[in-house]
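Pasting the structures here.
Okay, so chain A shows up in both of these, paired with chain B first and chain C after.
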Partner chain A sequence: MTTTDPYAGERLKRTAFYARAKELNIRDAWAAWNGYKFAEYYYDAEYEYFCVRNTCATYDICPMQKYEIKGRDAEAMLNRMVTRDVKKIGLNRVAYCVWCTDEGRMIDDGTIFKLADDRFMLTCGSPCTAWLEMSVFGFDDVTVTDVTDDIAALSLQGPTSCATLKKMGLQGIDTAKPFDILYFPFQGDTLMVSRTGFTGDLGYELWIKKDLAIEMWDELYAAGDDYGIQPFGEAATNMARLEAAFIMPAMEFNEALRTVNFEHDQTPFELSLGWLVDFKKPHFSGRSALLKEKQRGPKYTLTKLDIEGNRPAAGSYIYSSKLCTKEIGYVTSAMWSPSVKANIALAMIKTDYLEGNLWAEIYYEKELRQYSRVARCTRKTKPFWAPARARATPPPDH
Partner chain B sequence: MDHYDSIIIGAGHNGLVAAAYLARSGQQVLLLEAADVCGGLGRKREFHPGFQGSVAHSVSHFSSKIANDLSLSSFGYESPTNSLATVGLSSDGQHTVVKDGRVEGVGEKDAAAYQEYRRQMRRFADALSPFWLKTIPRIGSAGMSDLMTFGHLGLNIRKLGKKDMREFMRIATLPVRDLMDENFENDILKTTLGWDGLIGSKLAPRSPNSAVLAMLYRMAGESEGTHAIPAGGVAGLIDALCQSAKASGAEIRHSAAVSRILIEGGADGLVATGVQLADGQKIMASRVVSSADPKSTFFNLVGVEHLDIGFTNRIRRLRCDGYVGKLHLALNGAPEFAGLDKADGRMIIAPKLDAIEFAYDDAKYGECSRNPVMEIVVPSLHDASLAPENQHVLSAHVMYVPHKLQGGWTDAARVAIGDRAIETIAQYAPNIRAQIIHSEFLTPADLEADYGVTGGHWHHTEMAVDQMLMMRPTYEAAQYGTPVPGLYLCGAGSHPGGDITGNAGHNAAQEILR
Partner chain C sequence: MSNYDAIIIGAGHNGLTNAAYLAKAGLNVVVVEKNEYIGGAAVTRELQEGWKYSNCSYVCSMMRQAIHRDLDLAKHGLILVPYLGNINFGDGDERLLSYHNEEAAHLELKRHSPHDADAMHRFQTDLTRYSQLIRKTLMRTPPDPTSFRPRDIMELLYLAKQFWKLGEKELYEYVRFFTMSAAEYLEDYFENDLIKAAMASPGIIGTALGVYSPGSSYILLHHVMGDVDGSIGAWGLARGGMGAISNAIAGAVNEFGGEIRTNSGVQKILVENRKAVGVVLENGDEIRARIVVSNLDAKRTFTRIMDKNDLPDGIYDKAKNFKIRGSSGKVNIALSGMPKFTGVPENRYVARGGQVFTGSLETMERAYDCWKHGRWSDDPFIESVIPSAWDPTVAPPGQHWMSNFVQYCPAELSDGPWTPEKRDQFGESVIKKIEGYSPGFRDLIVHMEVRTPYEIEKEIGLTEGNIFQGELTIDQLFFNRPFPGYGQYRMPVKNMYMCGSSTHPGGGVSSVCGANAAREILMDLRRTNTVPEDDFYDE
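Coming up: the complex of A and B.
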């Protein structure tokens, strides 16, 4: 294809759903993710958030990196890369995983889809090609293919998501348990649906050949019309995931391979993801460092906080007393949660101080003047938002 | 015996040294060698009936401490007293001869400059000498003895005095070319002295990096960098090491190639528990010590599934392509080099530094040198047992012969480079072709196949600043231990590197016994 555009290589790529998304992006609020033009929000972030929580909404996850990992050694290769036991992932099941450097610092998190005994799909937020290439070396029979551009993926989240898919004709979708993968015939091809998502609510992710993306979108939106379907962007996602206490790169964790300063990255234990590290499985990268970390205890612990008042504690330091003399941590994400009706935050707190008093120094601005106040924080052990429907199978009907 | 204290993989000279030390300390030691004889690249090789050579043909800095510790003299090895002259061959017969601290065949100015050059290089070599027989601590180690080693290294360099210290820092990573041009005028003197900075590495005179350090490494010890052929040849030394190891109780098995290092997982992680032989037999041990090169050890014997990804990648990118080919000639009489009474020195064919550079340029792009440069000895002049009476063996190290030849190695390609090497020798020994009874040329690919060394590399992996000291072969395996508990390295791929020195085997044993 010839082009006369001198900036062709510089422009953001368009996802498979762009033709529809651009019509709905009334505010032209575009951001970028992995080189794709990507909606920050379509109309209003709060509105979209409420759709996610009250009806259903779609999130374009085409820019998420997707790798097909195939071959007799695919399982062994993945098992040596991630901290979870890949052997334990059932066929047509999805598992949330993290992978680490030799030093046990987290490179990224993502999901592994087991599609066959010798075929997996790995998804993650940032390109991982170089690390995968290194991870594959030494295994005889495994190939990694970047299928990000071949597969269109759309996340459908919210209480009416199951009903919408049923209406769309996906018979039996209500039998899918969390992390299950189901397949449906679609226009002579196959639509793969996983019961997964990043909102902590009932939700699904739809995977289809890129060429059929628009047809799928149209059928989904036709079916979802009665169920309040709306697109949602990055801003609403960020709200929903914080309520679910899911971590985000560049917020809760700094990808290890992009971290320059010593220990400015994190271990899974610091991120309270120790449950993902399986010391009973075969050897995996970072194991000895992580075992030491486990025995010694992490320096920091990612902590869920309920904070007094209603001012979000974004960017706050955490102190051990109201006098703010001893700094013991920092807030990574914060918001007023409309669903929980609480001032919530995630914070990295020095593990030694976890049991003591926690105070956040909150900074805010009022008509160009800067203010601060100190608010008491309460630790939470459960996700802020975890409705029963997110786990129920079949999910409640609408 | 169904359980050993230590199993050592490979009975090259380093494996033998490690085995001897460990056995002397009271350990039950089993040494497993793939070949049917001991010695690795130093082992005896009958390349034609009645004619014997060895890939490594001379010894320059075998540690006398090791010789004493292992009582090698009671097994027939004597530290050679008579060193070989290094002879820079000139096509006009006016050769440059370096021997016993003097140089002949050059102008007065060069002869004088050589004295000052030698004084200084000796001082530098002496300052570094103690470290070739020591584990180099990991960076960040705060252990007392580790700190002492660092301190000692610093102190030794400080003790050079301000002027020499600065000079040391200046030249340590200088290309050979600069050092030679700064000091000398005579082209052949430059190639003759610079040779030891280059041989065995993927380095040419103009390559920046580590040639001078390599030279200093080879000047370590009492032999001051001169080469010798011990009584009984290199194989005599190997034989003494073998006997010493056996006398100390080490068990040696030949034709016993290890196919797998056995690794078991437990709650505390992996641990090496023994080895599996090519025939399937499993032998268990408290530790496994490998003198196979790092790539072969980790990738062929351990398997990446037992290693972290970052570590694997550091081993993967070790530079292991050999660039030295080996020529053996069976001759019906002593070779006659124009202008030389007797070819009993170590003869260098490299008319000028540019000749080495151009020879390298060809190899850099995957071709054999059109005009190869080389080092020649005639071992049978020192050890008559190597050839039938009045007949001789010529042994040459030919540079540069790439491990990965463009288009791959074929018989024709091997014959062509062998022929070119003989043609080059004939320019200095015109009668040579008529004397040849048989010739053999080993490319780095042949060395890899016959000796089990990745890339056929002289040092198992390149000797360069980024792969030296506490980075040899890479951090986390540079103190002989490896990320797999119970697995150690003891070959040329470990500090301080290759050549027939025994240092790596010695240091590994000390580390294990610590």
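Coming up: the complex of A and C.
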């Protein structure tokens, strides 16, 4: 007797690593990302976060969107789309990029991998097929292929990540500099490894044909056993990326193409990503609006805050005085940082008020009663977490 | 020759903390340490190439977050990482696993006793309430109850207010709690013997008390009043071993321009006209300064490096009678692989966690009996952890080391002094016990460091090997620590202070004694205070 699942159409898809991930997801803590079943955490979110900072841990990035962009005009097309100069990306190098609407509002961020002079891979958090196809318009020799389901990708992050890959037999991996791409033979195919990640720590991303995903996982986990390998999910990622002061969609920025209300989306300048906007290169989407914005200065500025006390300022307003009379911004992400031992946050603050006093009004609950407190905020210029090993080549073994 | 404002004797983590805060206030400080390494009982040493032991203290929870944050110890390389869960080994096949996860922990307790699984909530709630109160007092100087100075009266009022918040019934409970034994206290909550034993065990760690001795319930509290990132009672590991804590604090001392000299044991504190004026080192060098701060325990400070004639009447005797009995040994074992324990699931988290060879209340009491008779325990209580299972920096990949804290082990044996042979026999008793739960354990041993109270005293100068620099009994706590009338870090000789664990709030790697002493010193020197206030979780 064959039974068909009447709910098949609304069940989440499984990533290439699901067979292994489900064994390790002891808490059954699943969320979703782009239609895939995706771990919120596996065993203990805080422990997994510490694996990223102390040993090494893997993050399943299969649901992340991946597009192959091929053809003679691929570079020109990407250069027309993103704000950074794609011409400057070296072969087998990765660059972090953003792309904007004509109004200079940010659509999404992602990474561009230069795999050949006429072949690139673009990765991003949300699907952007439609925008890519629109961007291709006017270019003759470009094809865009969504390869999300063909490539299995796993991010390996943490201080023992290089040692683990060495143990796995990836000779020469220690020569990879940040944003380098290396290739290794793997079971008759090719394993691509980039020294990239979203944790601010030493780390790599592994890219393999979907059919070899489980083999790769097993080899990696066998090698990592002595190096404290552990899968981590969304919760730990969110902690690590905030310490590194990386932005998240739907936290720091609202994707422009999904923004209903006027200017409830952001510009790269507002997100303190001005360094990604290159006015010296030929025309790109949003250029004139961004040039104006640069001259005028952004209305808001994404700011790193160290806040007194230990209550995370999640959802807090920022005020210019302790009396909380003049509201000048809002917190986008906040947490207690166990590594830095600081109460950290990212906040959107009206640029005009940046130099003055900053106070956060923090609400919290204790045994069902609501409390609030006003805490002084100190601006930070550097990421909260930036260990030397993240930049060192060759990196240390732990 | 430098002109120092302050000399700190001893580079234990408290001495270093004291120096950091004095240096931060702009004082010219020098720390003089007898050993060639710093850290005292918060130290990491590589005695076997590739293995890094936390030779004495091994887990961290009391370290005050406010100090960690204020001195930016993260910048100086300190990161505290959690380890997950514990296994309590009963006398027979019984195992009690303590999981990090609340649901899992509850189910495991229920497996032993549904009654106790429920009672655990009440126990944890009561203990948290008690520890909240103690926690409030940690980074405050105890008031002198006999003084009429406004500051002391204010502080007494503050305390009264905190106690009052408990409510009348709880107040009585609290007083009762302080005088009880851990075993008796737990009778009120639990029925299962292994659960009782497991909960009682923190009550004997580091003390010369048994689970049935009055006062051991306070010790229990002392071990659960710390926190890691707001999780009160949790314990973590310092990445790189406990020495990473001392090294990070030393980093802060250097940052603020302080100086640390190793191989510089102090032979004598110089006193002129009833004022401390400097120290004489063992090599004969003399260093002078406005003030002298001792990181040594009270007994050692007043009976070893001070002249009895320099002290006011009575102090020498108080110091001589200071209760500082040693009761613990430490056995550090380098292993070629991960030991496997019987009766434990191959759970990759909890199986690697801590191991507590608890036995039962009775086993623990019998272990104590041996100590009373001047012998090490035939069947010891051992609290173990395998730091390398959690920290990749302390053993070669795939290999491990196990930290074993052993009770009881006396400072003086009834059959004559400690000898290397007796020390090794003591080590053997520990291996034997572990092997009972981990067949083949012995074959994994690569190297061992066996430390009895004798070694602990000889190497780091903890008198009688007492890990707390003096027992944590009520007569030696709070304003009575180290002696009644001297609970505010100032010592009977002018310009002399104490900053080690012999002072409030006592032993443990907390940095609090050193920081509190710095605050008092800066007040006396009319300098701006550099010591932060404590950081609470809105308790």
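A few points about this structure:
In this section, the second predicted complex is superposed on the first by the 394 of 398 C-alpha atoms of A that agree within 3 Å, B and C clash if a C-alpha of one lies under 4 Å from a C-alpha of the other, contacts with A are read in each partner's own complex, and residues count from 1 in each chain.
The working rule: a contact is a pair of C-beta atoms (placed from the backbone, for glycine too) under 8 Å apart; a residue touches a chain by one contact, two chains touch by 3 or more.
Since the structure is predicted, the reported quantities are computational estimates derived from the model, not experimental observations.
Superposition of the two structures on chain A leaves chain B and chain C fitting side by side, clash-free.
Of the two partner chains, chain C is the only one that A:311 touches; chain B does not reach it. In the superposition on chain A, contact of A:259 is made with neither chain B nor chain C.
When the two complexes are overlaid on their common chain A, residue A:139 makes contact with chain B while staying clear of chain C.
When the two complexes are overlaid on their common chain A, residue A:92 makes contact with neither chain B nor chain C.
With the two structures brought together on chain A, the opening angle seen from the C-alpha centre of chain A toward chain B and chain C is 160°, to the nearest 10. In the superposition on chain A, A:101 makes contact with chain B only, while chain C stays out of contact range.
By the touch criterion stated above, A:341 is placed in contact with chain C alone, chain B being left untouched.
Once the two complexes are laid over each other on the shared chain, residue contacts for A:47 go to chain C alone; chain B is not touched.
Counted by residues of chain A touched, the larger count belongs to C, out of chain B and chain C. Taking all C-alpha atoms of chain B against all those of chain C in the superposed arrangement, the shortest distance found is 42 Å. Taken together, the two complexes place no residue of chain A in contact with both chain B and chain C. Across the complex, chain C meets chain A through its residues 65, 68-69, 73-74, 79-82, 84, 100-101, 228-230, 239, 349, 390-393, 397-398, 535, 537-538.
The touching residues of chain A, when paired with chain C in their complex, are 27, 43-44, 46-47, 50, 53-55, 159-160, 163, 167, 226-228, 309-311, 336, 338-342, 364, 366, 371, 398. The residues of chain A lying in touch with chain B in their complex are 76, 80-81, 101-103, 131, 134-135, 137-139, 279-280, 282-283, 285-288, 291. Chain B meets chain A in the complex at residues 265, 267-270, 299, 303-313, 316, 476, 483.
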